[in-house]
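In the two complexes below, chain A is the common chain; its partner is chain B in one and chain C in the other.
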Partner chain A sequence: MKCTIPGSNIKVFGRAIHSLARIGEELYVEPYPTGVYFRAVNSSRSAFASFHFGSRFFAHYNDGSGGQQSAAGEEAVKCKVSMKACLNVFKSLVTLVRSVERSKLFLDGEEAKLGIQFICKYGIVKSYNLPFIECETLHAAYDKTSCTNYIKSQAQVLSKAVINFQSNQEEVTLCVSSNKIVIRTFVDDVPDPGKAIHTELTLEAGEFDSYNIPDDCEVTFCLKELRAILAFAEPINLSVASYFTEPGNPIIFAVDNHPMFESTFVLATMAPKSNTQASRNKATDKHTSKPGNGQRSSASPSCSQAASWMKTPMPSTSGLKQANSSTVRRSEQITNISNRFDESRARLSSPHNSSTRGNHNPQLGNGSARHLSTQPVTHTNNVNASQLEISLPNLDVVNKVTEEEDVIPGTPPSKRAKFFFRRCFESTFDPTTVPGHDRILASDSDDDS
Partner chain B sequence: MSQLSHHDDNNEDYPLVIKTENANTVLQLLRAINFSEMATVIGSPEGLRVVVEEGKCIQASAFLQSQMFQEYHSQDDVVTFKINLNVLVECLNIFGGSSLPGVAPSLKMCYGGYGSPLSLVLEEASVLTDCNIRTQEADDTLEFNFCNTSVVNKIVMRSECLRDIFSEFDYNCCGVPVLEILTSPDPPYFRLSTISNMSTSDTDIPKDSDMIETFSCTKTMRQRYKLALLRPSIKPLTIAQKVLLRTDERGILCLQFMVKMEDNHICFVEFFCCPEEEEEIE
Partner chain C sequence: MKFRGKMVDITCIKQFSNIVSTVARLSKICVLRITKEHVYFIIHESGAVESSPGLWAELDQGHFFNEFHVEGVSQEDNQIFLELEPDKLSKTLNSFKTAQPAPRSLKVKLTRKHSPCLTLEVELPSLSVHARTVVHDVPVTLIPRRQWHVYQEPEMPQFDSSVYLPPLRQIKHVVDRMKTLSQHITFSANRRGTLIISVSTDVVDVSTHFKNLSVPVWGDDNDTGGTHSATVDIKKLGLLLQGSQINPTKVICNIVANRMVHMFLLHDDVTLQYFLPAATNT
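After this line comes the complex of A and B, so read on.
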């Protein structure tokens, strides 16, 4: 591929790169005869962004599929480059706009590099070489046309609405009805929802250029990606169209400036609450395995759960697969229980207070927990769990949780676990003061030493 | 110079006395080289040189000529001392460093000799501030032995040229990013390349570009410098009008910045950087 971006279009192109950089770690470049796609997907595969620059956008465009004489079947090289390296090239848009007269982009298949060349004022030429990895097309399965709900407005309308939300707000819920749209913060999994900041604002149907909402509907999605598209669309005064159907199905934001460029953002929406137990297990599993002080991933687990529509060439994480077979589900429940048992035992017998939530005690928990979960489901696991229940009558909290697990299979959300085991997280908590702390109820099944 | 003159009593006793109507010029120059905490001040009859070094690899020095001061009095021999530059800059900025031209505190700076503090008296709108900053015994400063005769390649250019390029570098890139400076009498004449784990970039500046004022290269020189070491040169680049880039036979880089002050005095800031060892390349 070889193309030349005229100086007047550098800014738009740079903004597109900045916008994509908010989504993913890698930039996918896919040239086609009609134009080139730049795409990104986030790490949890819950957001996908695609920019298409038509050949009209460029002063010169050649997709490099060898159109003239070579084999007809030969396709232009598709690749991905490090987003960080690419973003660095377009770091200062102000400087670019001021100095760059035109820019050349080319993919060099032989040297496996993406070349970006800026021809600047005063005859200065800057050339960047970013190594790339060849890859397949990044493709998200979505269909705008089948979406029942459709709204379109100037980017400004949405960005003025979005600016009201706190910058650390992760998800928002879009409630649409026939005459108005309410955008409000989505609060989930907070120990005290009363303390969280709730923001809600209403946009009248009249503020939108097009408004087609046949049925009332509520969709929840990540705000970060919406901000990314608005940051692109607002400065060029384009309108943003949104397409969506129902919770659990993706919401699509599109900016169209055909034939120059168009961009599409596909965001996972949160699946409705009444989901299958299996998926709930998955979601909570993900939660508990996260270190307590670690950053929250950009998408909530249930968002990534809903992202199973995403088809990517990368190996999909197991979290995306719906586990429906009942045997799988049962074994999961049991490993959950055994994990929990290990976790609680680790806490009880650990000499120092472990402050990380959901992390197994490195000395005790990890090895045995792994061992248990890989073991075929046997009777002993259940025995262990019930033993725990019987032999620790003093620990009400533990009892409560195990009882609950008898009633509702599956682990409670991590926040609730923290609530129940609150005392264990207090700095004054000394596990050696707990009665029966020195009694080992079940020795390590796997001797690590 | 209203109230400052009251302090004139015994100027002769001090080895170093400086007075200026505009402390901001001094402040501006010192800020440009303030990449490390301690600075060595060398006062001579010609002027004041403030030298900052880091890791025996880079050195920046600002030369404040005696002519830029209303009064400059230095004993015949050289006065040297070491001082905390952060504190000195903070004291000079005690009135908040108004950016309006003409609104600047006046400054009197005295040094009483070995072991005594550097005293500053700043006055703005009849408000007087006295500062005493402890000084330390000066260490030897790095001597790069950079003499004009050993200079191989010399390029004078407008500072914007380098400023834009230097400010775009990704200094935090993983690995140890380096800048390769190629100066040559043959094409590509003048090329700055960054090499990092993630990417490489080349910037070619043609020798007949409007940015280049003088281009005199006698030999092809290709030297690598750690980007992190060059980073402190951005500050003087932003206040300079012109830059003189020189490399000598050993590959030591010398950037000389010409700074035109508010009061039209011309000051110079020099920046030296050692190249990477040849063995380390590849």
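After this line comes the complex of A and C, so read on.
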């Protein structure tokens, strides 16, 4: 792909990048003959953003499929680049708009890089090369046309409404009825709903350009992503259309400036929970029951939702999964060790039983060895095997080794520490009763005064 | 127990939100006392965060509110004490301070929704003819009558010397420099209008002298002519100077020798009193 963005359009393009950067960590670039798509999806896959820039947006556009360089029929390179890197290129929009006369974008398939070139005043040329990874197209399954509810308004109407919410507010609920819209904070997921600020805002139907709400309905979604699209649409004074059907189905925000560019944001909405949203509506409003799994970040409820409509193979997340499962395995291993810890202690306390215990032990050892063999070989692994039959203090060493392995400095003591050193965390624990507490093994490293 | 107030004047709304954010910078928790004549913001030293100075802010309700109605627990105790997080209140007030169309009115009400709340109803002009209302519910805790005595108006301390301070900005500039040197700062003043702000460490003594400051006239003038001083925590003072978002017409600094520095910020309709206890370990 090769394209040239005229100076007048750089601002819009840069804003689109800024807006995408609020959604995801990676920027997907997908050129087609009619124009190029820039897309992003968030880590929990509950939000998807897509910007389409038509060939009319560019001074020059060539998607790179067939034609000049290569044999016909070859598809254009689809790839993703790091969002952080791309955002840095467009960091200061004000200076870009002031200095850049035109900008060239090109995908170099051979060197696997996305080139961005700013041709500035006084013949200065700034070139950025961002390495990319080839990937499949990112596609979210949604259908605007099947949505029953539809409202459209100036971006300003919504952004002036959204500004009233706290900046740290995560989710809002949009309640629509035939004559008005109420936007209110969704606070069921915070630890103590009674301590949270509730904000409620009413918009009359008359404020909207078009308004089609056949049934009353309320949907809850993340405010952050809505802010992202408003930040894009407000400065260029476009209207934002929203399509939605019911809670649990995605809400779609669309900004259309055909044929120059259009953008679509698809946000997961919270699936209806029988006893959360419904009870909030009642005037009595008692927060008695809460869903068992804390819906801390929007990720948990919406993620599963999102997964159903988001389908792309993503190599990066599978890597993440592996990392996760390996930590899970590690904690299993630790319980294994603690089992053995108990076991050997039992053996120490009752020596006459040792023969029967001894029979059990190798079995257990075998079991855990088999278990351990599934994970990457670490030195702890070996230590485990060799010290299996050794008494208490040595097993203690094993504990330490595993503990040090994934300790991050500065973090509070983990649950594991509370498990192993439970007595130290009890309220009745008095350090001065421990024998040898007054003996200082090593003095403080730095003097306070 | 009822409370309802309505502000219409935009300058009053802004001033009010400035005061709230001043309070918010000083402490996580403050007490709001509402009486027929005044509204008070109180930061109680013991209850507040350790590093915040005590504060007693008195707002004349007639200046701020166009409508004001308060019904206390009973006829004789016609007042309300609330505990709230000023930060939350300040955030809600700020959200419309930044919004371009200024709010038409701000109603403050005491309501019981999911919990006791201070409800702020903001009426905003919208793009079309329709007015837009935003309702914020800030949770509060009512303070029972038996605890009221804790938040009674502090007595004017029996100070030894008293001067009008130069503009707070100047003081802040000086204090900010001294903050890097020491943890404690000493205020010394006499009744002839000399104020000395000083820090002393093992390696250096720094003092800034302000001369010919005017001296407030208090009734009983048992002028001893001597210089009295008190040493306070410089962080607390810094917090006070930094947080202060209102420009007082006059600031009086009273010094109770070795006990306390008392700052009196006077504004037309607002007075703020700060209490900085003398640092213990000097």
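Annotations
Here is the rule we use: the second predicted complex is superposed on the first by the 274 of 449 C-alpha atoms of A that agree within 3 Å, B and C clash if a C-alpha of one lies under 4 Å from a C-alpha of the other, contacts with A are read in each partner's own complex, and residues count from 1 in each chain.
Definition applied: a residue touches a chain if its C-beta (ideal position, glycine included) is under 8 Å from a C-beta of that chain, and two chains touch if they have at least 3 such contacts.
In this text the structure is predicted, and so the values were computed from the model without any measurement.
Look at chain A after the overlay: chain B and chain C fit there side by side. In the superposed model, A:S82 lies in contact with chain B only, and not with chain C. Comparing chain B with chain C, more residues of chain A are touched by C. By the touch criterion defined above, A:Y128 lies against chain B but remains apart from chain C after alignment on the C-alpha atoms of chain A. Touch criterion met: A:T199 reaches chain C, while chain B stays clear of it. Of the two partner chains placed by superposition, A:S178 touches none, neither chain B nor chain C. Look at A:K91: by the touch rule set out above, it reaches chain B but stays clear of chain C.
Contacts of A:S99 after superposition on the shared chain: chain B is touched, whereas chain C is not. Between chain B and chain C in the chain A overlay, the least Cα distance found is 5 Å. For chain B in complex with chain A, the touching residues are 161, 164-165, 167-168, 170, 173, 198-206, 208-211. Residues 82, 84-85, 88-89, 91-92, 95, 99, 122-131 of chain A are the ones touching chain B in the complex.
Chain contact summary for the complex, chain C toward chain A: residues 88, 91-92, 95-96, 98-101, 113-115, 117, 122, 124, 126-130, 132-139. Contact residues of chain A toward chain C in the complex are 154, 156-157, 160-161, 163-166, 193-204, 206-207, 285-287.
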